[in-house]
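What follows is chain A paired twice: with chain B in the first complex and chain C in the second.
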Partner chain A sequence: MAYEPPVTDYDEIVENCTCAFCGCNCDDLDFLVKDGHVVGVRHACRLGASKVMEDMDQRLLVPMIRDENGELQEVDWDTALDKAAELIAGAVRPIFYGWSETSIETMKHGIRLGELVGAVLDNQATICHGPSLQAVQNVGYPVATLGEIKNRADMIVYTGSNPMNSHPRHLARYTTFPRGWFRQRGRFDRTLVTMDPKYSDTAKMSDIWIGFEQNGDYGFYNAIRAALKGKEIDQDYVSGIPKEVIMELAEKMKNVQFGALYFGLGLTHTLSKQRNIDMAIEMLTDLNEYTKWVLTPMRGHFNVNGFNIFMAYEMGFPYGVDFCRGYQRYMNGETNTIDLLTRKECDVFMVIAADPGAHYPGGAVKHLAEIPVIQVDIHWGPSTEIADVVLPGSFIGVECGGTSYRMDGVPIYMKKAIDKPETCRDDEWIIRELLERVQKIKDEEAALASK
Partner chain B sequence: MKTITLTLKKKSQIALEFDELIPDEVFDWEKDDFENYQVPVGNKRFPLTDYFDLEVEGTAEGPEEVKMILEGDCGRVKYIGCKMSAGEIIVNGDADLHCGAEMTGGKITVNGDAESYAGREMKGGELEIMGSTREFCGCSYIGDWRGMSGGKITLHGNAGKQLGECLSGGEIYVKGNCDILAGIHMTKGFIQIDGDVTRWPGGQMKNGNILINGKLGILLEGFVFDKIVKDPEIDGKSFSGKYIKYTGDIALNGKGGLYLNAEKNRELL
Partner chain C sequence: MTYIEKPVVPKVIKFEEPTAKEYKLLNMMLNTGSDIYQGACKKRGSTCKDEYRKVCGVAYMDPKDMAKLGVTNWESVKVTTDWGEVIVSAVHSRDAPHEGTIFIPKGPWANVITSHETYCCCDPTYKGIYCTVEKSDEEVLLMADLMRAVYKKYVEDEEGIPELESLGEMPVFKKK
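Right after this comes the complex of A and B.
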């Protein structure tokens, strides 16, 4: 990679900002600001820095509505909001999807809007850590904060996850490299284990790599549990791993002082989905008979955990909450966005700070192209290409403040560093405006009906 | 005896919800009542007559005297027979999600395929599906640890993933093949599968019995070989032939029984 000289041409430094990229929510960033733009970021990883730094060429700046020729045309805020409110108020099976890259304060108005119109509220968990949440509902959740891991853990296990690529500062700031209170020598005091079919970048720097076969997760963890219960394993290979290795690993995991397991989508999206997590959690329950073990999902977006915590607190269910009958319901395969889209049930789709156009399976995107889509976002992306109403929001943690939850459930207030473009509005304001406008339409309908 | 025939005339793209149209609710309904009834569709309600032609014959004193016949492809009709306690429902076509969920009595026959969650949290009665189902047949409400606790599900076709999840009673009989993790977390009850099973039946099971007459792909390490049994008797039912009996899942100190047909699974001997 070419050498990039440090940025020296800036007006001021805004200290202790929070990164708005992954679930690590690193809150030690310094933004270098010049002429009201972030021109450099200190302490962040490459992923976080490139997201926070200026990308005005892709920035959505004005509200737009798609005209009859299929072109997005600039309109004023009132027209765009009225059009969006009209679509939402008339929908029979609306979905409000996204929320993971916006603040809890925005979600507050989102829930009220969802309840008012009888919508499905869903977030990115539906395509990433939803299975983890289901497993947690079944068997509980031995959890610790990242600070405890930093100070105590002497064995770190990453399974189905490659943080060197996806969460670059996770090892550096929280788990493996930092010197903790009881781990004064940092990396030398810890054993790093990667369980992944791929010899990933994390596996390359690990002390132990367990490359079990794809879709073999459930059988593999079951074998570890059997070994922990003292069973001599019958099969020579379980999920492609020799039985001696499994017995040895079980013994090592039993004899650590404090272990932490982190799992990613490699575990949630293989054959047995939520049961992999279910099994992994129960394996830790077994290990806790001997020593201390905790686990945390490697959440992707900086506030994807926030939506789940907020929804579970307010509505009892973490994601995929359906208000269509007036009360909240939650059922996998029925009230989740992907299923509703592939079954072609959804008739109006609002996406808030997410990009389903880029991440959804083909069948779901195909249906999205056929129905009205309202987009509240800051960047132009594949979802903008299928959007009918575009409402430009603001960048949480850079252009406006807001609360988010780190992957371990610690709430962090992300402060504002610079001003947003004049033509944009805060996400919170947009959703509140939509709520008020939909409420007005509903009131008018009710008044008409009573006459 | 009251016979209610609903013939589909227009298939809705957004699923209809039939949880209010069960014998317990409609046994005293006249034709007018059905015509005035608005069925939940998404966040609104539309007249039932938009989607179905109606025919009501005879009278009934109670739900046990009701026979409901749904003609046509009900692949977008959810919650058929949900929470019913008596009477009979016949679906001449496919059924959508939650067919026979939480039912406590009566009988449902689906002359077609059923979607996921057929017989979820069933407590009694009988559910017969002539075709196949998809995932979570006879399971718990997602996040709950108590699944189907009574009654009988008979599947003439194939079952999907996680059949009888958290089963705590009752019986499931699959005549076709079954996908992964049949009887996961089960604590009681009986599952019989006549066809082949891909892998991992009985994961995390504590008790109950699973009998597989076909070939098993991959067995979990949590199961310990017990013995070879000839003509076993399980839950008062006799089976002829030789079976390999395993006990598991030992990870949970489980005492569940897994019976594999010895002929079809010779390599495990």
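Right after this comes the complex of A and C.
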């Protein structure tokens, strides 16, 4: 790779900004700003830096509506908002999906809009850590903050997760490398274990790599649980791992002072889904008979946990909350976006700061191609290709402030560093405008009906 | 510049079995998921660009499997599952050996062929899908062209899609 000289040509430094990429929410970034643009980012990982130094070629700058030829046409804000409000007010089964890359303040208006029109509010958890939340509901949640891990943990286990690729500073800032209060030598005081069928970039730098076979998670955790309970494992290999290795690993896990387990989408996307995580959590319950173990899901977006915490606090359910009966309901397999789309139930889809076009399986996107899609986002992406109304938002943590929740549930206020492009609006403003306009349409309908 | 135009992939020249039997079609297991190149390009917003095709429209394969198919780095392969088929470039995986498994970073290409089946657990099955891989002469489509070819939302003549002009690497919309 080519050498890149440090950025020296900048006007000012904005210190202590929060990264708006993954669930690590690193809050020590310095933005180098020139002419109102971020030209360099200090301390961030490759992912965070590339997100903050966005691609302006594909930045959504103006509101757009599809014309009769199927081409997006620039329009003014009033026209676009009216069109979106008309679609939402006329919908029978709308879904408002996304929210994970916007602020809690925006969600506040989103809930009110959802309640008003009887929508389903769902976020990215539905396609990533939904099963984790179900498992937490099933068997509990032995959680710790990342600071506690930094100061105490002497064994870190990543399972079904590749933080070197998806949360690059997780090891560097919170778990493995930093020196903590009780771990003065940093990396040397900790054992890093990766359990993943793939010999991932994290596995390559781990002390122990357990490469169990594909879809073997469930069997493997059960085997460790058996070993922890002093039971005899009667097979020579479980999920492709020799019995002796499992016994030895169980012994090691029992004898640490403080262990932390982080699990990713490798567990939630394979066949046993939430049962994998049930088993991982119960394995920790067993380990807690001997020593202290905690676990945290490796949340992907910077505020995906925020939506779940916020919804659980406001409505009692973490995601996939359905308001169609006038009160909140939550039923897995029924009120979740993918199921609603593959059953072709949804008739208007609004996506806020998310990209279903890129990240939904084809079977679900096929239904999005048949219904109107409203997009509130900052970049032109695969979802824009199938969107009918496009409303350009602003970049939380860079162009406007907002609250977000880190993967361990710590709320962090993300401050504003630069001004947003003149033609864009804050997400909070957009959703509030939509709420007011839909309310107006509903009031008019009610007045007409009462005559 | 915080990105590169395409992922750095190893070029494996020496195979353990230089006379490996050549296969027309391989039965493999497909995994999808995030990758650092995919993440950096997607979140930067450069999804229309060739760069995104290079980071997402690729299948990371074991060098031995590529030898069996007779493909080298950046040649096209067709991956087929029960849910669809897609053309992607084959490249040597940096996580090899993982014979019998391919990895496509999450994105529009991977999701043409992933399973929307949630088994009432809300989460589609993105990993561990049976697929077949074969050599192909077709070119990997750019993101906008792929979305148009697969989901056909705004095309009237669906038969004529292959002849349509490419939407290119920049957003296409009518300015006021």
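Here, the second predicted complex is superposed on the first by the 450 of 451 C-alpha atoms of A that agree within 3 Å, B and C clash if a C-alpha of one lies under 4 Å from a C-alpha of the other, contacts with A are read in each partner's own complex, and residues count from 1 in each chain.
As a working rule, contacts are C-beta pairs under 8 Å (C-beta built on N, C-alpha and C of every residue); 3 or more make two chains touch, one makes a residue touch a chain.
Computed from a predicted structure; not experimentally measured.
K.L.:
In the superposed model on chain A, is it clash or fit for chain B and chain C?
P.N.:
fit
K.L.:
Per the contact definition in the header, classify A:Ser200: touching chain B only (first), chain C only (second), both, or neither.
P.N.:
After superposition on chain A, A:Ser200 lies in contact with chain C alone.
K.L.:
Taking the superposition as given, does A:Asp234 touch the first partner, chain B, the second, chain C, both, or neither?
P.N.:
Touch status of A:Asp234: first partner only.
K.L.:
Taking the superposition as given, does A:Ile431 touch the first partner, chain B, the second, chain C, both, or neither?
P.N.:
Neither chain B nor chain C is touched by A:Ile431.
K.L.:
Touching A:Gln134, do we find chain B (first), chain C (second), both, or neither?
P.N.:
Both partners, chain B and chain C.
K.L.:
Mind working out whether A:Asn332 is in touch with chain B, chain C, both or neither, as first, second, both or neither?
P.N.:
both
K.L.:
Which partner does A:Met311 contact after superposing on A: first (chain B), second (chain C), both, neither?
P.N.:
In the superposition, A:Met311 contacts neither chain B nor chain C.
K.L.:
Please indicate which partner A:Lys366 is in contact with in the superposed arrangement: first for chain B, second for chain C, both, or neither.
P.N.:
A:Lys366 contacts chain C only, not chain B.
K.L.:
Look at the residues of chain A and decide whether chain B or chain C touches more of them.
P.N.:
Counting residues of chain A touched by each partner, the higher count goes to C.
K.L.:
Counting only touches as set out at the top, which of chain B and chain C does A:Asp67 meet: first, second, both, neither?
P.N.:
The second partner, chain C, only.
K.L.:
In the combined three-chain superposition, what is the angle centred on chain A between chain B and chain C, taking C-alpha centres, to the nearest 10 degrees?
P.N.:
Angle at the centre of chain A: 90 degrees.
K.L.:
Based on the superposed arrangement, let me know which partner A:Asp278 touches: chain B (first), chain C (second), both, or neither?
P.N.:
First partner only, chain B.
K.L.:
Between chain B and chain C, what is the shortest CA distance in the superposition, whole Å?
P.N.:
Least C-alpha distance: 6 Å.
K.L.:
Using the superposition on chain A as set up above, list the residues of chain A that contact both chain B and chain C.
P.N.:
The overlap between the chain B and chain C interfaces on chain A comprises residues 134, 271, 332-334.
K.L.:
Mind listing the chain A positions that touch chain B in their complex?
P.N.:
91-94, 117-119, 134, 137-138, 218-219, 222-223, 225-226, 228-229, 231, 233-235, 238, 271-272, 275, 278-279, 282, 286, 323-325, 330-334, 343-345, 347
K.L.:
Which residues of chain B touch chain A once you look at their complex with the stated criterion?
P.N.:
The contact residues of chain B facing chain A are 13-15, 17, 40-44, 78, 97-98, 116-117, 135-136, 141-143, 145, 161-162, 180-181, 184-185, 199-200, 203-204, 218, 220-222, 224-225, 249-253.
K.L.:
Using the touch definition up top, name the residues of chain C that touch chain A in the complex.
P.N.:
That would be residues 1-4, 8, 29, 31, 33-36, 39-49, 83-84, 94-98, 101, 103, 106-108, 111-116, 118-128, 143-144, 147-148, 150-155, 170-176 of chain C.
K.L.:
Which residues of chain A touch chain C in the complex?
P.N.:
1-2, 4, 21, 46-47, 49-51, 53-55, 57-59, 62, 64, 66-67, 70-75, 126-128, 130-131, 134, 162, 164-166, 168, 197-201, 203, 214-215, 265-266, 268-271, 273-274, 300, 320, 332-334, 336, 338-339, 341-342, 355, 357-366, 368-370, 378-382, 384-386
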